Every structure is written in structure tokens, then in C-alpha cells.
Amino acid sequence: MDPERLRELLAAVQGGQVSPGAALERLRRLPFEDLGFARLDTHRALRGGAPEAVYCPGKTPEQVVEILARLGQSHANVLATRAGAEVHAAALAAGLRVAWHPTARLLVANPVPVEGVGLVVVVSAGTSDLPVAEEAAVTAEVRGNRVERVYDAGVAGLHRLLAQHPLLLEANAIVVVAGMEGALASVVGGLVDRPVIAVPTSVGYGVSAGGWAALLTMLATCVPGVAVVNIDNGLGAGYLADRINKLAAKIR
Amino acid sequence: MDPERLRELLAAVQGGQVSPGAALERLRRLPFEDLGFARLDTHRALRGGAPEAVYCPGKTPEQVVEILARLGQSHANVLATRAGAEVHAAALAAGLRVAWHPTARLLVANPVPVEGVGLVVVVSAGTSDLPVAEEAAVTAEVRGNRVERVYDAGVAGLHRLLAQHPLLLEANAIVVVAGMEGALASVVGGLVDRPVIAVPTSVGYGVSAGGWAALLTMLATCVPGVAVVNIDNGLGAGYLADRINKLAAKIR
Amino acid sequence: MDPERLRELLAAVQGGQVSPGAALERLRRLPFEDLGFARLDTHRALRGGAPEAVYCPGKTPEQVVEILARLGQSHANVLATRAGAEVHAAALAAGLRVAWHPTARLLVANPVPVEGVGLVVVVSAGTSDLPVAEEAAVTAEVRGNRVERVYDAGVAGLHRLLAQHPLLLEANAIVVVAGMEGALASVVGGLVDRPVIAVPTSVGYGVSAGGWAALLTMLATCVPGVAVVNIDNGLGAGYLADRINKLAAKIR
Amino acid sequence: MDPERLRELLAAVQGGQVSPGAALERLRRLPFEDLGFARLDTHRALRGGAPEAVYCPGKTPEQVVEILARLGQSHANVLATRAGAEVHAAALAAGLRVAWHPTARLLVANPVPVEGVGLVVVVSAGTSDLPVAEEAAVTAEVRGNRVERVYDAGVAGLHRLLAQHPLLLEANAIVVVAGMEGALASVVGGLVDRPVIAVPTSVGYGVSAGGWAALLTMLATCVPGVAVVNIDNGLGAGYLADRINKLAAKIR
Amino acid sequence: MDPERLRELLAAVQGGQVSPGAALERLRRLPFEDLGFARLDTHRALRGGAPEAVYCPGKTPEQVVEILARLGQSHANVLATRAGAEVHAAALAAGLRVAWHPTARLLVANPVPVEGVGLVVVVSAGTSDLPVAEEAAVTAEVRGNRVERVYDAGVAGLHRLLAQHPLLLEANAIVVVAGMEGALASVVGGLVDRPVIAVPTSVGYGVSAGGWAALLTMLATCVPGVAVVNIDNGLGAGYLADRINKLAAKIR
Amino acid sequence: MDPERLRELLAAVQGGQVSPGAALERLRRLPFEDLGFARLDTHRALRGGAPEAVYCPGKTPEQVVEILARLGQSHANVLATRAGAEVHAAALAAGLRVAWHPTARLLVANPVPVEGVGLVVVVSAGTSDLPVAEEAAVTAEVRGNRVERVYDAGVAGLHRLLAQHPLLLEANAIVVVAGMEGALASVVGGLVDRPVIAVPTSVGYGVSAGGWAALLTMLATCVPGVAVVNIDNGLGAGYLADRINKLAAKIR
Amino acid sequence: MDPERLRELLAAVQGGQVSPGAALERLRRLPFEDLGFARLDTHRALRGGAPEAVYCPGKTPEQVVEILARLGQSHANVLATRAGAEVHAAALAAGLRVAWHPTARLLVANPVPVEGVGLVVVVSAGTSDLPVAEEAAVTAEVRGNRVERVYDAGVAGLHRLLAQHPLLLEANAIVVVAGMEGALASVVGGLVDRPVIAVPTSVGYGVSAGGWAALLTMLATCVPGVAVVNIDNGLGAGYLADRINKLAAKIR
Amino acid sequence: MDPERLRELLAAVQGGQVSPGAALERLRRLPFEDLGFARLDTHRALRGGAPEAVYCPGKTPEQVVEILARLGQSHANVLATRAGAEVHAAALAAGLRVAWHPTARLLVANPVPVEGVGLVVVVSAGTSDLPVAEEAAVTAEVRGNRVERVYDAGVAGLHRLLAQHPLLLEANAIVVVAGMEGALASVVGGLVDRPVIAVPTSVGYGVSAGGWAALLTMLATCVPGVAVVNIDNGLGAGYLADRINKLAAKIR
């Protein structure tokens, strides 16, 4: 409830149109409406809609489809993450309009084309990091960001990365996805003055298994301008890149 | 060496003002200068200068002073981090012009006032988190960002945070500094659609000792738009906030 | 053996009805009976019965059924935890009278309705936390506590939690079930002056995998009045809530 | 602001004694006051006051004294934890009225005698666990609970514990403080049907160093009715025991 | 080669029956034979034979059978550990004479009855610990020790343990097998003055998963006379109990 | 209370010399006395006395001296562990009769010479392991075991160990003390058929710091007959060696 | 671009054959070409070809085959690691010329016999370590090194290792592969003055599970001349042995 | 005892000059002498002497000096590691001839100039890594290797590293010393085909504290030809580089 509407309510009480008891009922929920208002504002600012993403593991395909159907009624581009073929099939069988990105393991319900603004660059080290990199890239695209991919540009192929230096310098946000030892985030961070979002992946074996070595490397970097999200959290990196790029592109 | 100056050099060779041998000497260092060029560009864009910060632990005050003196000749606002009173005293004794921020443990050599652009908000949970929060805030200020502080706004004092909701929504980047259980980053991330940089601090005892509990909490957050830097890394958070805010403020 | 029966035995020895040798045999086992007596007292105080719960993993359905059959002869509302459909089927096939709670993965043998006293509130963060939350809720219900559920009230949906503030303030014990970053326990603990039992869940991936991030967060909380049980231990939280609620409701 | 006072305000607006503008100013802060109201309620119920405890490490004695002085103006029995002799001396030098409990490392500012209700029993394993046990015990006492101590009752001295069995069975809450292997919590939990709050301590060496072995043991217990707080967190255990005991004693 | 046989060889050289060259060949392998001698001695002292045990995981049933067949030619009671039904079937199909202990997951090739000397007691906490407890018990039996089992005697059923106090006091070695929080080893160690070998098991969930909580508890015990083997290492506990019991029974 | 005395009491009741009420009072404490009886028996069997050892860290020298004085009245050879020069000085100043072993950091109060029976061999890897090795050795000696030391026999000096092979084969228990990588326990265990008690030490840096690498190595050993105690726990190893050696020497 | 070619380019600019603009374009890519040059040099030095190895997990057999086909066009002896039967079958079905080493799980595409120079010795502790040991051995062989295998030479069978002492002393590089407690690397390192590359394996259970105990042991070794690669990284050990052996054999 | 001397001994027995008994005594110690022989051979091969290094922490300066004096009698260039000024002073006071390298914290007793052969390059990331880098460099120099240093060449100053590319390609062994995130080892490994020995350092804070992040990064590297030693183990890296370089330089 914004101040203007509150002033009107109080005036209505003063003028006798609203009884103190009715106003009391209205005001009782004020704290929560106020919080809700903030959320409404968030929602409005995001335009084309940004409902919660649906995390599929631990839900049946039917449950995912039901949630998507409900969210899709009022929102465009609803994301279901870690969505496999069986979720896709269930969505189609239920008559939902969806776009499926199998590598990214993303299912987009009620998909609506959005023009991409600004520039987000997603860099990945190896082919095994693709699912996470694509989760970040498609998330950013679906939310209306222009996305360029620089894949397979690990430390072993540093020249491929250097060849894309101009692109990196143009980006408003760079997502770096890497497993194994995760050194790529430091290298990219040292080449640019742009915000770098590092995503460790669980790819690897031995000390790399589960992504902990990459996570620690990325947190430990002494290169400025790098921050880290959870292991395999391509979605989170895409969301954060979206926030930064929209600000820089003056959409927000 | 930027393209323009390279073109001039080549023209000078063509015109005979510079011999191939002299040009060769000049170009021999090109790869490194070229990499440095990216860094030079960074430097230029940042205005008032952004040389490497000097990490004091493990160096004698004399060594720190010597490095600051050298860097301060060509750069304004050179930062020395984790700088205590003895480093400050040594700098004064050596005749350096410095500004010391004791809470932030930052020593700024060759300090030059910079107008703050955009808005970076630094939120901290408790008074023990102040040194890290101030390291982030002063770093951002010194690099030319407008900084607002919302301190002592931990989960226990949530209302203090909520009272600053409008300020949070106006920020281009929010730095959240918290030790203990680090839940504050999730709470802030849930209230805004702005980039949130979470800094776990080593404040606490038992499972909180060293900052690991806060670090894991922040990485594990399911609230979108949050990324994390190393424990106690106020400097890194300040740098990243600077990068984001400058982009949003169209300085970069 | 309670003091009264011991006095009788001694009187019988004095009166010659029991020989010293027979009394010796009887008393030889006294220490264990005495310990057992404490347990008996526990049992009596709990009314409707509180035998050990049967942990199903690592046992065949047949073994579980056999144990339940034996315990069910002398006890009502015997709990088998982590009980899947095959255990349920085996119990039915064996002619046992059981109530199965599939979400809670609880099988109640020899179920007897118990009136719920006092108030235990179970709060959960996300839908994936439901099995653990239900294990806590059903455990408390079966043991005779009134239970109210506030589900899907994670940090992202804080307003749903705040809307239940009066209910929380009325509870004698609040069980908070959360995976991922587990910040919900701190938030709830900050809103009430009631005992909060936090249950981390193994829901999540990356640093959240296995529930360790949530566990550390909950232990590290600086909000007073919160204690923690093992990851996924809904049963333990339900038991402890039962103990506290019964005391407050003056049943115990 | 409680509903009654809000109704009065609205009536005053209706009656014209208060203008809408003045009411608006008053209501603008409502959300925070409303949250504060919950806290006020807490405060009232607790009688003699329960402000935040002051955690001394990382603060100068002067800072601690200043905070205590301010809090002590409106609250009785303000706690400063981990308070050593130098904090005590500084408080005395500043003319504060304090009670110091050196073993518990607690300094109570503006101390006011409170009658102890109900019963909290604090059990500790070894003499090295005393500081943490005393922190729990004094915290509970200061907050108005009757406290009995059963110290030095580790697994090696099980008979001392068994000798206090009746006392344990009478308690509304039992705090068990143990380092090393922390088995005591399981043993106590097996003897009673009362809520047990386990506090691991950092006492020990090798695998016990830092308290992790005790923490894991206590969390892993298969004995029902036990929950755990952070390592060395006597304050938290005392607070939770207070909450439970007050409910059982019908003070709350 | 024992001293006696070496003396004979040298005498044969002196007497000319053996040439220096032939003796040289014989002595060239002396260091290894000498080390083997120690092992031979071990073998002899153990009577009925103690070859290496065969660890089945990672080997095909055929490979296990082949190794057993070879070892079984010169040794009685050859052990294969973690042996499932398919290994048993393969052994029978290959015509091997074997005894299979399915709970202990032990397959004994070339089984020969051995009289049990002295006394080893194996105590276990819960039914899920049975496989490890039986591995220890059968190992000790097969190697010729009298073994008594005290199962299902966890902290919750302390009276069952106390009822076996005389048996415990008679043992030359006590193996305590426990998962979850592993407190049983401390309790047993506090009741006896006999060597206690603690075996943590991987039974449990949350912090107990994998057996680490039990392992740390057992290592951290402040009760004297307890040592620990690897998680789930029933074989190792059985071997060590055999060594101690044989010494005490003066077999060795 | 042993059976004989209980029979007498019952006969006295039967004979009327003792009233049932008086007997009741006597029997009420039976469970604890009975447990104590076991401990008494332990004590008696050990002859020369085996009171609890006093762990000095966390106690003032005065506290240690007071405890030693009390224990020393009824016991010989009371051990204080991790006792430095200041504890020794305090004991002398208080007029206690003590023997101090500075390398072992052991103070023996009321020292009485005990003849050493059987054989315990203590092997250590490096000179930095001496304090722990000596703690084990002196503990065993003080409790009446013959002890031989084989020091500085790490993997690098394997020949020194092999030279003592006959001594190792004669031992009833072998304590192996090693830090760094702790491989020595495996090597010794492979050379003998005697019980081996492995003690990891906290000597080392990097991955060895704190003793964890040595601990894991020792637990992971595939050599039979080895069990492990806590890091730096020379006392525990000495106690266990005492138990085993006494059994083998038929003292117990 | 080497200095000579740069001098020519500048001379051509001076002489007017090349315009400054064309030279600028050429120089713009200099840094990357220079890095590429280094890589080319590396490649040339290795002779018989050393393309990147293909890590199969996470790729479909078809993807692996496609990559191998492409790499195999220009390279001999292309390695695919962790390659199972289905990858082998897919390669054959696609008409690739391959050699499959099932134990080593290596598939060599476009295999060409290479004469083995120098000497690399691969030592392994147990039969379960074979896959990793073979991965190291075959990798080294395929890259043109003479390889000798000393398998099943764990601490328990030390004499088998000692029997190969002369072979070890002749090696230019020794790869030691061991799981469980990993003590073998220390033992081998103590016997030779040759470079030892230690490979921990994930073989084992309890504290050995995943290979961490072996990893820490190997890193903690106090024996000089030992370095460690990732758990199960036979490929990396084979590569490093190749580098060292080639240097020693003066091939490089 | 080499074969020739053994043949002579047997011939002397055959010829009657030596009795079988005397020969038996001589042969009894053969196994150890034989092992010692191997060590002697090692020693001989190393020329200028390579006694064990003395690890100073945990020893008094006097103890270190005494050991150095003894070792220095028969060896040149005896190393004492982690040797501070007080050890140096004690050595001088005792009249020892020593060379002290304060940055490397190495004290060389009985120093003798050795010509450096081949080439070892030591690369370090930052100035805080200097002590470890110097420990490696001086160790290698003292043992007779030519050493070149490339310091302060971290990821942030990649151009400094690239400028030394030719030097790296000439090296027989490269030691890379880095703390923080340790990415430098991957970068160097990707630039050369030479053996790379990575040394993580304990420099850093937060997740870098203690060197674990750097350790994991280095182990996880997917760049071939890299192996890792313990955190801060400059000595071990220097020793291994010495072994490799000597082989390549054909000294060994």
C-alpha cells in the first residue's frame, strides 16, 4: 500500500465513508501487503514476467506439468530446470505449449520471443560443461538478454579465448563455466574489466568430483571482479547476468 | 599500445622517421604491451586510477611503504589492504601522502577525491562484520562510486533492513556482508531485483569459525541474483560492485 | 521395581514367606529392572504408548513386518520410518492393521486415534522438504499432539510465513524443515519466543547436496531459541516437539 | 502497535482529534512497529527484560561497556558473553552496576534478582566443560529459571549421573554439555522423557579439537528427544531451556 | 631360512658337499626368504593357517574362485570377504569345498573345524550393524577363537548390555560394532578392563552416513583401553581380537 | 555390593536384626553401588592402582596439584598428562612427592616403583614424535609393564626397524607412533603377528598438519592386526597396551 | 611470428611494399599467433604426435567416435580414456582403426607402433589398482617409452618389490599406483633416487573410499623425490613419466 | 654386501679360513646390510652428498646445531629447513661453518660450492610465495643444479611469465609455487612440454587459508605433465627437480 492510498483511506475514515473497524481490518494486513508491493514492483519492472523457476528433481513429471500449467496462465517464459525428456513428453501430452532445450535441460512453458538487449557472454571450459553453460545462456536469453557463447575455451585452448577478447570487453556480464580445476575464471577475470560470474561444475573425478576443487579455486581467485554461484547453478548465473545486463542496458 | 599509436609507428617506419630495427625493438614487447593495453584501457576508463591493491600480511611495513611509494608515483588512490597502525605510521614516517581508514584496514596512498557515481549499497549483519563491510564500502568509494551503508541489519533486526527497502531498490549493486549463519544475503536477495554480492565473514565460533557456514549458506541460496566472494574479501566485493555500478551508470 | 514392591518383598522375607535365596535371585536383576522401571515410567506417562520406532532401510519388508507384529501386540501406534509401498504391501499381506502415510514414509502399526493436545506447528521451506516435514508432523500427531502445517513458506515466500505469525506465537513447539541454505530457521526463530526445532534436509545440489549447508546454517544461527537435529530427521524433531508440547500442555 | 491502540488512533481520526496527515506519519512506521510489537510481546512476557546479548570477542572493553550502559538504561539483566576480567574492570571503572560470573564468562549489567520458576538441569561431562555449562546455567538463572547443576558426570562417572535420575525426571529441560566424544547426550536422552538440549564443547585434542566429534555424535544420536546447538553455545542452550521451561511452568 | 638351516648350509660348504657358487645362488634370495621366514613363523604359530583374505569387490566371481582354489590348496580356512550369493554359487559350480556365511558376507574355502580357545565377545548396537559384527565374529571363530555374541545392545538397550557384564569381564578381547553415533564403545570401555576394539559402521543417514560420526566418536573417547579400526572393517577387528586372545590364551 | 553381602542383609531381615525400612534404604542405592562394584573390581584387579589420569590443559597448576593431592592419598602412580614445568613446580611447591617425565609431559604423583611384566614395545618414526611415544611408554611402565623403545625407525630408516625384528616378535603389544604420512604402522603390522596400536601424531605441516593424514593412513591400512587411537593419544595407547600385555602375561 | 619475419614485415613497410594498414591487420593478431607458435613448437618436439586425450565419461559413444575420427586424421595414437566396450564397439562400427586396452580402459585411435626408449617402471599395490596402473603404463607405451610393470607389490608383499630393486634403480621415472593407505609410494621413494610419481586410487571402503586417505598419505610423505597426481589419474602419471623419461633418454 | 664379497666369504668357509659359526654371525645381519648397500649406492651416485634434511620446528636451536655438527662431519651441504635467525645464531656460536638463506629459511652446514648443471626453473606467483619458492630454488642449487627464478609471475602478470617462455622451454624441470587459487601451475603446464612440479602454498585467507584451495586446484588440473607436492613443501619440490634434472643432464 503506497502512501497515497493510505492517505485516501485515512481521509475516508475522517470523512466517515469508512468505519474505524473496516479500516482496522484493512491495515491489519498492511505489513504483508507492503512486502507484497515490493514483489509486485519487482514483477512489473521485469516486464515479460519472471516467475519462480521449477526445479524438477524430486517431482514427478505430472507435478511439474501441473505447476507449469498454473504458472503459465499468468506468466510467459516459465522455466523448469533439470527437465529431461520425460518431463518434456508429459508437457506435450498435457497439451502445454513449451520449448525444450535438451542440452540446457530447460523446459520453457508458454514461450514468447523476447528481443535480446545488451550483451551477456557465456564462456565454458570443456564440452562436459555444456549443460551448465547452456542453462545459464538459455536462462539469460529467455529473460531478454543478447547472449554470445564462447565454448571449449579452457586453459588448454587459451588462444580460442584470446581470439574472443574484443567480445569479452564488450559484454556487460560474463558467465564463466568450468569444472576440473576451474582456473578459467581467473584467466577471464584478468583479461577484462567486466563483471565475471563464475560457475563451478561437478564435472571431474578424484579431487574434482562434485565440483569442490573448482568452487574453491574460483572463490580463492586474487583477480578482481569475480563472484561465484553454487556448483552447477547455471540458472543462478543466468539470473544474475540478467540483472546486471539489464541495469547496464538501462532496461531496469 | 592502442591501434592508433601502432598505426602511427608503422607510418613513421613507412615515412623513414623510425628505422625497422627501432620499430622491431618497440614491437618486440608488443604481446605484453598488447595485453597491457587491455589493462591500460581499463585504467583509462576508471579515471583516477586502479592499480593492483597491496595485500599487507606477510610484508614488512617498510616493504608495503616502498611498493606504495612506487605505485603512487603514477597512480592515484592506491590501496593497501589489511593495513594496521604500524603500516600507517611507516607511511607517514616515509613522507607518503596517505589516507588511513582504520576500521576498513585500508590505507590509500596518493589519495585524490573522486566524485561518486551511481549507487552501491553495503549491508552488514552485525558490528563484528564492520571491518569487512568497510573494506568493501571504502574500496567502492575510492574507485568513484556513491556508497550508502546499511549496517547492523541482521536477521534479528530485519525491520532496520526493511526500513531501507527504497534505498536497496535504487542501488545498482548491493554488497551483503554477514558472518555467523549468513542468512542475510538470502533475505536481501529476496527483497530486490538488483545484483547482490555476498561476502561471508570469519566472525563466529564453533561451526561458524572461519566463515565456512556463512559461505555455504550464501552459495546454497535459492534466491536468484546472488553471487559470493571469498570469506572476508571486502576488497573483491568492492571491486565487483564498482564494475557493475559503473556499467549501470554508463561510466564504462 | 518400584519402592513399594521392594518394601513388600522385604516384608515377605521378614515374614518368612520368601526365603533370602529367592529374594536374592529377585534382587540380582534389580539394577536392570530399576533402569527398566525408569523406562516403564516413561511409557506410562506417555499414555497411548511410545515403543521404539523401526528404521526400515537395511531390513527386508518381511523383517519389518515381523517386528511390527510383535511390537503391535503390546503397543498402539508403532511407527516404521522410511517405509515405502513394498513395506506397506507386506504389512497388509500379513494381515496387520496399519495406517500408511506415503509422503511421510511412515507406517503406523496398530493405529489408534489419539486426541491432539497443545499445539505443534511444522513449517517447511519448499515442496521437496515435504517428506521430512510430514515425518515430523505425523509423528507428533500419532503421539497425541495437535499439529498445524505451514508449508512452502521459504524465504522467497516470506509473506506466507508472516501471515501465520499468530499461529506461530500460539505454538508450544515449532519444527522448521528446510534444505538448500536453511535460512528459514533463523527467520522463524527471530519472529517468536517459542522453542524452534530445526531440521535440515538433504534436498539440493552442489554445496547443498546432503544437507550440510543447511545443517551448518542452522547450527550457526545467532537467533536464540533454536536447536537442530540430524539431517532429514523428521522423526527426531517430532519426538522432541512431543516432549516439549506435552510439558507445556501439562500432560506430562 | 497493538490492535487496541490502532483502533483508538483510527477513532481519533474519525472524531477529528487527529488529522489524516498526522496519522499517516504515525502509520508510516507501522510495519516496523508491528514487527517490533511481536518483539515487545516477547519482552513483556519475559518480565525483567530480555535484550540482545552482547558478544564480547572482537569488541574493545570500552565498546562493550558503552553498549551495556545504553541497553542497561531500559533493561535489567543485560548479558555480555565471553566477558573476561578486563571487560569487568572496564565496566566497574565506568561506574556500571554489574555482576560478573568469571567461570561462565558472563557479565550481567543492571542485575536484578529474579525468582527461578520450573526446573532446568544442566549436566556436564568434565571439568573442562565448566565454562560452557556455566554459561548455560547462569543464562537460564538470570532469565528467571530454577537451575540445578549435575557436573562432572561423564560416561566414566555414570553412577554420579544415575544418582541424579529423579532430578533429571523432574526437569522441564535438560542441558547436556560435553566435549571429547559427546556420548553423554545419548546417555541422558535414554534415561528421561524430557527435552534434552545438547551442547558440544571445543574441549579436546586430535579428532576432538574444535568440538566437531562431539557435534557429530550428538546430531547422530538415535535416542529420541535430543537437539543440538552450536559448539560452545552455552548461551543458546540457556535461552532455549528458558523458552521450554517457561512454557511448561505456564509463565509464558 | 632359519638359523639352523643356514648353519647346515654353511657346514655343507665347509664340508665340500655344496659349492660356494651353489650356496651363493641360495643366499642371493636370502633377504626375501628371511622376510618370508617371519611370515612363515606367523603361519606356523597360527596353526590351521592364516593366508591373506580375498577382498571380493572389484573382482569377478571367477577371479575370486580362482584365487580361492589356489590358496585353498595349501591353506585351510581361506577367507573371501564381502562375498555375495553369486560368489558362493561360482565357488560351488567350480567344485570348491566352501562354507558361506551370508550375513557376514564371508566365504570360507577349504573349511576345517577349529576348536575355539579363550574368549572374544562381539557386541553390536543395532540390527543394521549385524553384517559387520558377524564379519568380525566369524573371522575370529574361523581362526580358532571362542566367540560370544551380545547383539542389539545399543545405548537405548543398555540393560541388555549390563546383563552381560560378567561375560564382558571374562573376555580377552571385546569387539564393539556400532553405527549412528557410536557411543557404545565408550560405554563398554567404561565397564571393563579388557581391550576394546571399536568398529564404526556406515549405517545411518545425515551426519551418520558413511560412518564418519561413529568413527570420530570412537576415536575421541576418553575411556581408556579402546582402539579403532576402519569403518565397516569387521575383518580387521576379528584379526586383531584373534591376536590378542591367542596371546592371552597362551596359544601364541 | 557383592552377592555375599546381599545374602547377609536379607538373612538379617529374615532374622529380624534389620528392619525392612532400613534394608530398603540400603537397597535403594544398590544399582549405583552395583555399578561401582564393577569399578571396584576393576580397581582391585589392577593392584598398584589405576585412578583416572588428570588432563592438564585448561586447568591451572593449582587445580592440577589439588586433584593430584586428593587422588594421591588413596592411589599410587597417579598420572597428570600434558604436564609442563609450571605444573611440576607447583607440585613441588605444594610438597607433593612426584616424578616428572618432561619429554612425556607426564607427572606421576605418589610414585611407587612397579616391576615390569611381559613386554610392550614402543616404536616411533621421528624425533618429533618423541613426546607422544614417551607418553605411551611411561604410561605403560608406570602401570607395571616392561617397555622397550625402538625410536627414530621411520620408513626412511627401515633397517633400524628390521634390526629389532626379534624384539618386535617377542612383544605382547606394539605401540607405533608416527606423524607425517604414518606409513610406519602398516610396515610394522606386516612384520609381526602381534597386536599393533597405532598413534598418529600432529607433527607435520600442510596436509599433515594436525595429524589427519597419519590418522587416515593408519585406519586405511590393509595390514591385519592394527587398531588406532586418537591423534597424539599416547596415554590411550599406553593404557590399551597395558591391558593386552597384562592379559598375555597372565597378570589379569 | 619470429623476429626474423617481423623484421621482414617492417622492412616491407619501410620499402612501401606493404601499407601501414595491411601491416596493422597482420600485427593485430600477433599475440595469439605467438602463443600458437609456442604450441606448434611443443607439438613438433613431441614427434609421433600428442593430441589432447578424449575423456569419455559424459560423452555418447558416437561423440567420442566423431572426435577420434577427426583427431585421428592428423595424429597417430590418439587416446580415449575411461573407454568401455560400447565405445570400442562404436569405433569398430564406424570403421575406425583402433586398439583397445580393456583393463586400462584406453582406446587408441590410429594406432602406430612406437619404439620404447629409456625406462618407465609402473608399480602397483593390489589387483584392484590394475585399471589405473594400466592406464599409466599403456599411456607411456603409446607415447614411445619402454615400460616395465611391477604389480601386486604392496606393503604386505614387500619382498616382491625388493626383488625388483635393480629394475627400479634403472628407471628414469617410477609410477607408483596404490589405494587403501597408499604407503607404497613412501616405501618405493625410500629405495631409489629416481623421480617417483604417486597415483592414489579410489579403491577401498570407509576412510579409504574415494582415494582421499591414499592421496593425503602420498602428499604427506617425508621421503624425498615423490610428487602426486589426482586420484585415479593414470593418464596424467603416464604423461609426466613420458616427459621425464624422454628428457633423460635425450629424445627431448 | 655385494655378491663378490659374499663369494669370498663362502670360499673362505670352504677353504676353512672362516668357521661356519663366524660366517653365520656375519650373514645374520645380511638382510640389513643389503638394504644398507642400496642406500650406500644411492649415496655414492649422488656424489657431493645428500644426507637427510633437518626439519627445525619442534627442535631447540641447540638440538639442530648438534645434529648439523654430526652430519656435517661426513657430509657437505647439509640442509636445515625452516631455520630462523636463532638457529643461525646458535650455529655460529657453536663454531659451525654455515651459509644461511633467510628468505628460504634454509641453513646449509658445511657448505661447499657445487657447479650447477642442466636447468631448473622456479616460477612463483606472488611475493608472499617467496619463502617456499626460495626453499625449492636454494635446495636445487645446493644439490648442484643450475636454477633460474621467474618470480611474481602470477595470473595477473601473465605477460611476465610469457616473456620467459624460452627459458621455460629450456628447463629440465619447472617448479611452480603458488598460493591463493594456484591456477599458475595449469597455465605453466599448458605452455611447456617439460615436467612441472607444483607446490601449493599456505598463503591466503578464507578458502585459501592453509593452502587447500591451491592444493586441490593443482591436483585437479587437466593439463598434462603436472604433479604436486605437499603444501609449502619447497624442499620436496627442490629434491624432485634435482632428481629429474640430473637424469636429463646425464649426471645420474
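Here the chain labels run A, B, C, D, E, F, G and H in written order, and each chain numbers its own residues starting at 1.
Convention: a residue touches a chain if its C-beta (ideal position, glycine included) is under 8 Å from a C-beta of that chain, and two chains touch if they have at least 3 such contacts.
Bear in mind the structure is a predicted one, so any value in this text is a computation, not a measurement.
Listed here as common contacts of subunit D and subunit H: A, B, E, F. Considering the contact criterion stated above, the chains in touch with subunit C and with subunit H alike are A, B, E, F. Interface comparison, B-C against A-D: more C-beta pairs in contact at B-C.
For the pair subunit E and subunit F, the distance between C-alpha centroids works out to 25 Å. Distance between chain centres (mean CA atoms), subunit D to subunit G: 60 Å. Each chain gets one centre point, the mean of its Cα atoms, and the points for subunit E and subunit G are 40 Å apart. Looking at subunit D, residues 31, 35, 156, 158, 206-208, 215, 219-221, 230-231 sit in touch with two or more other chains.
A complete list of chain pairs in contact reads A-B, A-C, A-D, A-G, A-H, B-C, B-D, B-G, B-H, C-D, C-E, C-F, D-E, D-F, E-F, E-G, E-H, F-G, F-H, G-H.
Across the complex, subunit H meets subunit G through its residues 38, 41-42, 45-46, 53, 162, 165, 169, 172, 191-195, 197-198, 215, 219-221, 224-231, 235-237, 239-240, 243-244, 247-248, 250, 252. Listing the residues of subunit F that touch subunit C in their complex gives 3, 6-7, 10-11, 13-14, 16, 19-21, 23-24, 27-28, 30-31, 34-35.
The touching residues of subunit B, when paired with subunit C in their complex, are 126, 154-156, 158, 180-183, 186-187, 190, 204, 206-208, 212-214, 216-223.
Against subunit B, in their complex, subunit D makes its touches with residues 31-32, 35-36, 52, 55, 57-59, 63, 200, 202, 210-211, 215, 230-233. On the subunit B side of its complex with subunit D, the touching residues are 127-128, 156, 158-159, 162-163, 203, 205-209.
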